[in-house]
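These notes concern the structure reproduced below.
Letters are used for the chains, namely A, B, C and D, taken in the order the chains are written, and counting of residues starts over at 1 for each.
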Amino acid sequence: MPTPPVGIFTGALHLFPVRIYYEDTDISGLVYHANYLRYMERARSDWIGQLGMDQRGALENAARSFFVVRGLAIDYLKPAQLDDALVIQSSLTALGGASMTLQQSIWRAETQLIDATVRIAFVGGDGKPKRLPKPLREAMSTLLVA
Amino acid sequence: MPTPPVGIFTGALHLFPVRIYYEDTDISGLVYHANYLRYMERARSDWIGQLGMDQRGALENAARSFFVVRGLAIDYLKPAQLDDALVIQSSLTALGGASMTLQQSIWRAETQLIDATVRIAFVGGDGKPKRLPKPLREAMSTLLVA
Amino acid sequence: MPTPPVGIFTGALHLFPVRIYYEDTDISGLVYHANYLRYMERARSDWIGQLGMDQRGALENAARSFFVVRGLAIDYLKPAQLDDALVIQSSLTALGGASMTLQQSIWRAETQLIDATVRIAFVGGDGKPKRLPKPLREAMSTLLVA
Amino acid sequence: MPTPPVGIFTGALHLFPVRIYYEDTDISGLVYHANYLRYMERARSDWIGQLGMDQRGALENAARSFFVVRGLAIDYLKPAQLDDALVIQSSLTALGGASMTLQQSIWRAETQLIDATVRIAFVGGDGKPKRLPKPLREAMSTLLVA
């Protein structure tokens, strides 16, 4: 039984809510900087799931295919804090045969906290690039923005 | 502006949803055992917020009051997996002047994964026990189960 | 090439150092309660490695065997803080055919911060209990304390 | 009592060891991508401590000064795995009045896994940039590489 998605699409833009808990903060009183990467990955997992991809199934079958982050650039504009309700915005800005690039930003109401670009590859169990499954790639191509 | 709660009460029982992402798993393919404590803390934060407590405000004012875990016992009955949609059930089973005990369990549909008892204290910035604010304690007392 | 161990044995007692970084703390200024479970797992991994077990190899071969935590009880006696240098003490208090119990405590110099009992099972890829490999079990049995 | 450093300097280059445990991996069997940021922060904390900065003291005094990450770019060249013994290399490539840039890379023996550039600011409790303490800035300036 597939689990219902958490995020929503408005056109090609994917919106995903994240709540900030104790675990997310550090002694500075703000969110620990590495944790924003976790939130963006949650959003991408929801995004990819809504495109029909079963990530666990792909890992558990013989081919053991999965997505890996090849690189990212992130600007920390404003900090998030305990109890914040954030929204992750994700859009697909480039699509290759075995790779893609997403633009992701994090917002608290009208305030942008994070701006990031994330490069992703699709790989097999040997870690080598692998062509995206055709139905998935076709679904992605409809979401590509300039 | 307070953020809307995520969990719901059915009587004195608090139900809180958790989704499992890549960050939650480890090389075994299952959820890393320490992470269930994070989910139970998220549920308690939602629970305490719905009782009217502003955790961040309490930390940021001069008294720096907060809740700490004094001890817990947990049984891992079944493992959670990537993409699981879980529910945390929490109920208050003991209430002192500066402490409380919650029974928390984690479920995937009808299957219980986790059974835990968590002892919590309310402390000040000096780490010493501190009486629970009266309105909060009164709200809690209505939720106490045998 | 196996990596050198981090911890040391004094008789049957295993000592393992842990340093506290930003990632370990939360907004209270203290170590987040779930993180102590991570430190105890690091110590157990070092302990099991020194007994000759290759955890990654065991996961990667066809049988996919690994250790899972079945249950634990933990008392939080005193909090750890940023920059603390801690020591995890671990000793084996019970040993079955496919299970074991460890007593683990965490210390900052002469001050005990944590007292815990952890029940572990050895399982196969199907999640079912599996007899411990004989050489490993024999090595363990020499470390068993009353 | 200050805790002894973990890393070492060879000239202006700081070397810091990191071991990979269960907590660091995910269902892919490799290290979760956000965790490399934790390792680089550990190395920076050791680096800054060796320059004479007491991070906890700076946070706990009235001014509540601390370092924040303003931005970073990271390339994931090869994945780290369970039980790996890694080394973080850090060098200071730019130094302003209230900011600095570090080049950080992660290695497993002769293999480079990660290449990153991290921009850091020094801020006060109000989140606004604050001049680096003079002795600290002078110590840093001796480590600046072209």
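By definition in this document, a contact is a pair of C-beta atoms (placed from the backbone, for glycine too) under 8 Å apart; a residue touches a chain by one contact, two chains touch by 3 or more.
If you're wondering where the values come from, they're calculated on a predicted model, not measured in any experiment.
J.: Tell me, please, which chain's centre (mean of its C-alpha atoms) is farthest from the centre of chain B?
T.: D
J.: Counting residue numbers used by both copies over all numbers at the interface, does the chain B-chain C contact come out same (over half shared) or different (under half)?
T.: same
J.: Rotation angle, chain C onto chain D: superpose the C-alpha atoms of these two copies and give the value as a multiple of 5 degrees.
T.: 180
J.: What whole-number Å value describes the gap between the mean CA coordinates of chain A and chain B?
T.: 27
J.: Round to the nearest whole Å and give the separation of the Cα centres of chain A and chain D.
T.: So the centre of chain A lies 25 Å away from the centre of chain D.
J.: Chain A: which residues touch two or more other chains?
T.: 22-23, 27-29, 34, 38, 41, 56, 59, 82 - these are the residues of chain A that touch more than one other chain.
J.: Hey, how would you classify the chain contact layout here, line, ring, star, complete or other?
T.: complete
J.: Provide the residue numbers of chain B that touch chain C in the complex, in ascending order.
T.: 27-28, 30, 33-35, 37-38, 41, 56, 59, 66, 68-76, 79, 127
J.: Across the complex, what residues on chain B touch chain A?
T.: 1-4, 6, 19, 21-23, 29, 38, 41-42, 45, 49, 54-56, 59-60, 81-85, 109
J.: Touching chain D in the complex: which residues of chain B?
T.: Residues 22-23, 25-29, 32, 34, 82 of chain B touch chain D in their complex.
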